[in-house]
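Here's the structure we're looking at; comments come further down.
Chains: A, B, C and D, in written order; residue numbering restarts at 1 for each.
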Amino acid sequence: MQAWLIIAYGLLIVAGVALLVFAFRTGDRRYLYLAVLLFVVFPVVIVLKFPTEISPETQLLYDAVEKLPDSSNVLLTFDYYASTLAETEPMSRATLRHLFRKDCRVLTMTTIPLGGPSIAERVTREIAAEMGKVYGVDYVNLGYKANYVAVLKGMGSSIEAIYPTDNSGTPLAKLPMMSRIKNYADISFIIAIADNDIVSYWISIVRAQYGTPVGTGVTAVSAPQYYAYVGAGQLTGMLGGMKGAAEYEALVGHPDRATKGMTAQSLVHLFIIFSVVAGNVIFLIQKRRAGAGGQA
Amino acid sequence: MSAIEIFQIWIAAFFTLALFSFLYRDNPCYRLAEHVFAGLSAGYEVGLIWNSVIIQQMIDPMFTGGEWWLVFPGLLGVLMFARFTRDYHWVSRIPLAFVMGTTAGIFLLSELHGKVLPQVQSTMRSVNPSEGIGGVVLSLLIIVGVISTLIYFYFSKEHKGVLGGVAKLGIWFIMVSFGAHFGYTVMARISLLIGRVQFLIYDWGDTFTRIFS
Amino acid sequence: MKTTVPVIIAFLAGLVMVLAFFFDPEKSFVGRLEPEVLRWVTIVGGFTLLLGVVSIIRVNYGGVHRRSSGWGYKLATVVSVFAMAIPAMLPTRMSPLFGNGPGSIYDWLFNNIDAPMMSTMFAMLAFYIASAAFRAFRARSPEATLLLVTAVLVMLWRVPMGEAMLKGIHHSLPEYINTYIMGGANLAVQRGIIIGAALGAAAMSLRIMLGIERTYMGN
Amino acid sequence: MTFAKFVFWLLVCTWLVPASVFGDTIVPVVDSTSPNRFQDTSSGSVTAGAGAASEVSPGGGNIPAFRTQRINALVLVLVFSILVLVYTRWAKKGKNLFIRKINGLDAIEEAVGRATEMGKPVLFIPGIQELDNIQTIAGISILGRVARITARYETPLRVPVPYPMVLAAGQEVVEQAYIAEGKAEVYNKDIVRYVAGEQFAFTATVNGMMIRERPATNIYMGAFFAESLLLAETGNAAGSIQIAGTAEAAQLPFFIAACDYTLMGEELYAASAYLSREPLLLGGLKGQDWVKILLVIAMIIGVTLVSLGWGDWYLSLFESV
């Protein structure tokens, strides 16, 4: 690590402690807000990379994609709202990079009405431009259709029946890639990236009834409930929260927003723990002093 | 990046910063953002209800589906406006009673059947030593936790004696649970903030380089 | 009349829902009635929205009209309501900018102004959760200490560095936290609260259906 | 309605009437796997829904289309209703029913009093859900009680609501409370006002209100989600006394951290009865407590049977499909 990085982060910690002292002295919570802001912004601007330990669930997903024959058809879903972008978007970007690198044909869709389709368009077009992929040949965005259970089941018999056109209104028949994808039978792998319960439907409807393997990326809050599915083999791999996304970025060899965000996340988290512990130590010391004063 | 995209990012960045500024203190930027936000979301609600309820669930089925009886819920809705009259004010209670009664009917069973039965069922865990020490401890923790929490909420007696003891145990369990839940949520909230900061630094920041180059 | 009619209506509406629960949704009359009643509720709610619009316009336009303090902000609210609502209510066939599909004004305003503001408000929780933790987690009493200790343990467990630290104390401490705190005590309390609240909600429902609780009529 | 009448009607309606009138066996069996149906089930378990649909037909005996596998829910509802109504009836007869003190609720009157002294408003938020959530209805009932107190002292009251039907119900409740206290002239239509239908827009507006008007007391009663802490922390920063109540277990830790008093889970539903001091309403709480005791006994029996390895039949009694 370079010396100036150590100095910069050392100063950051000193500033954090100073702000904490001010917060305690004045009782003004804005010092704390400022400290939190500092600990988030600083690592995003001045990146400090911690070594990432890859968890088995992430490795499982990576290996499953890696083992796909080149030019397989893969369905990637954008089942998340704009509010959880920090955790979910890096997952989409990292998996998309991996899929494109393996020359997979990527089909995207969403079960989120507002925001979902535009996030899918933005992310896929950006990564496609970066990797030199062509719309309609290498990837297609299906967009959103209401009533997700009906959509998930209906795509088992005919994707075209559910989505007559793609997100921008082009009939699927006019997109060369779609001539080889009719239903789940033509899809080798599904990656469902979601911030809600939809993943359990991908498992219980699609994985269970059509047999297509499903991997997932979910927010840190919902990750624990899906470990059981990974253990039971119903999910072929899982990315949990920003940490999972950072791990995948490391595996793909293209560190991006999650890797940069992870440092900030750990730092703020540790700062909050430190502030709680320090607050209590001071509180107990004051209490003891007051107690001693009272007896004297 | 086109001019319109830059404009979109600037709009989003302005409102993002305006809302964040509330953390320092109330100010005209926050007030403007707050009022625009309130107006847009009320308008959003109108657009949503108009298209997905009035058009899709009432007008379309009535005129193209022949479901003429949908005029009745429409009339029921109109009764809501009786509150603006002096003598027939009470009539507006009819649609309210209809909605409340329906809610009550749904919840009476969904709560007892959908929550009480399965939660009670999954609390009946084996404490047989064959489950292993870890299994027995976990089962006991859950059984005692559920029962003492329920007892904590018991209204019919003063919390004294044995009841008081169990209720006290209940409050300890509750505190452990709340601490755990709070601690567990912190990380998710931080990542939300990181998302906004990354937007400001990467996306908004990027527009500066585009503008000046 | 003024209270009897609403009470009877509430009872009948609730009864349909209770009966529908026990009968087959397709093979019985009440079963088929249920989705219809739910649609009615949605439509009544749709009409009531006009009351909401009247309320928000009256509160804000009143201020603009009187030029009371901050009337400019109130004008911003009124303008925003109309800017979002009117294009959304016009049919798409007149112009692709109308309606609520992709490319409409409604969609643009939502994606570029509403959505970023929602995410920002949500993100502000990071600051609030930090200050709430700092202020509330103090070892003031045995109960508060319990809250504090579990919160700190769980927070440590959630970050890689903290997890390593816990592993240093005892190699399976993180696993114990997951099993006995999250899956044990936490689960048990959530369950206890859910069961109790469900009983409370059911009793409340019963009181409303039977007209015992009729606060909404001013009794 | 008396208890006997209720049971009579419940029996008539759940068994006899549908059996003879509504239950028609003529309608052919519709494809029970149509996906739309699963959307409505709150259980979230798709496979359970499918199983339930296919199991129906012949088991119902002479009552066509009755879902026999839900008979346990019927028993629970009957036992529950009977206990609640027996106590309601006793209460009506004037039997003295003891209910323990609930701290948060005793604090309400005091907190309104403080607002009166300071000449500042009371802010009441009946949750952020529509009237189709029972917690909102509980919130509205509590609002009725609180409005009586504010009317009595002529303390200004602010009730921002996020949905139109809550607006209608809230206005009705508050207006009636002011009339009942003989303070109709103090009532103003804008006490209860509609504010933005979206969770965070609502929060932004209410937060602005808290900082600008500095209400002396904030009362949150109903269904709250992620905005719970945004509201409660801002209220705390503005120096208001805060009393919260919700049945959303996930939000309780945040209210506990930032409010002075918090009603947890069922205390929210008990609040309106408690505040009204009406024996009729208090009776219900007693019945509810009895069901709680029965459930605890049922659980202990279950644990014993399961541990001895004889529990399968017993567990199946609690199966919810």
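What we mean here is this: contacts are C-beta pairs under 8 Å (C-beta built on N, C-alpha and C of every residue); 3 or more make two chains touch, one makes a residue touch a chain.
Since we're looking at a predicted model, the values are computed, not measured.
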Chain located farthest away, centre of chain D as origin (C-alpha): A
Pair joined by more contacting C-beta pairs (A-B or C-D): C-D
Whole-Å separation of chain centres (CA-atom averages), chain A against chain B: 22
Chain centre separation in whole Å, for chain D relative to chain A (CA means): 36
Distance from the mean Cα position of chain D to that of chain C, given in whole angstrom: 14
Distance between the centres, which are taken as Cα means, of chain D and chain B, whole angstrom: 15
Sites on chain D at which at least two other chains make contact: 70, 73, 77, 80, 131-132, 134, 137, 165, 168-169, 172, 194-198, 200-201, 204, 250, 252, 254, 256-257, 264-267, 270, 285, 288, 292, 295
Residues of chain C touching at least two other chains: 15, 18, 21, 41, 44-45, 48-53, 56, 110, 114, 116-119, 121-122, 124-127, 129-131, 133, 135, 137, 148, 151-152, 155, 158-159, 182, 189-190, 193-196, 199, 201-202, 204-206, 208, 216-217
Interface hub residues of chain A, defined as touching at least two other chains: 29, 33, 36, 40, 83, 85, 220, 265, 268-269, 272
Interfacial residue positions of chain D with respect to chain B in the complex: 42-43, 70, 72-73, 76-77, 80, 98-100, 102, 131-134, 137, 165, 168-169, 171-172, 194-198, 200-202, 204-205, 207-208, 211-212, 250, 252-254, 256-257, 264-267, 270, 285-286, 288-289, 292, 295-296, 298-300, 302-303, 305-309, 311, 314-315, 318-320
Residues on chain B engaged by chain D in the complex (per definition of touch): 19, 22, 26, 30-31, 33-35, 37-42, 44-45, 80, 83, 92-93, 95-96, 99-100, 102-104, 106-114, 116-118, 120-121, 123-128, 139, 143, 146-147, 150-151, 153-159, 174, 178-179, 181-182, 185
Of all residues in chain A, those that touch chain C in their complex: 23, 29, 32-33, 36-37, 40, 50, 53, 82-83, 85, 114-115, 117-118, 143, 167-168, 220, 224, 243, 265-266, 268-273, 275-277, 279-280, 283-284
Interfacial residue positions of chain B with respect to chain A in the complex: 23-24, 184-188, 190-198, 201-202
Chain A-touching residues of chain C, taken from the complex the two chains share: 102, 107, 110-111, 115-116, 118-119, 122, 126-127, 129-131, 133-135, 137-139, 148, 151-152, 155-156, 158-162, 178, 182
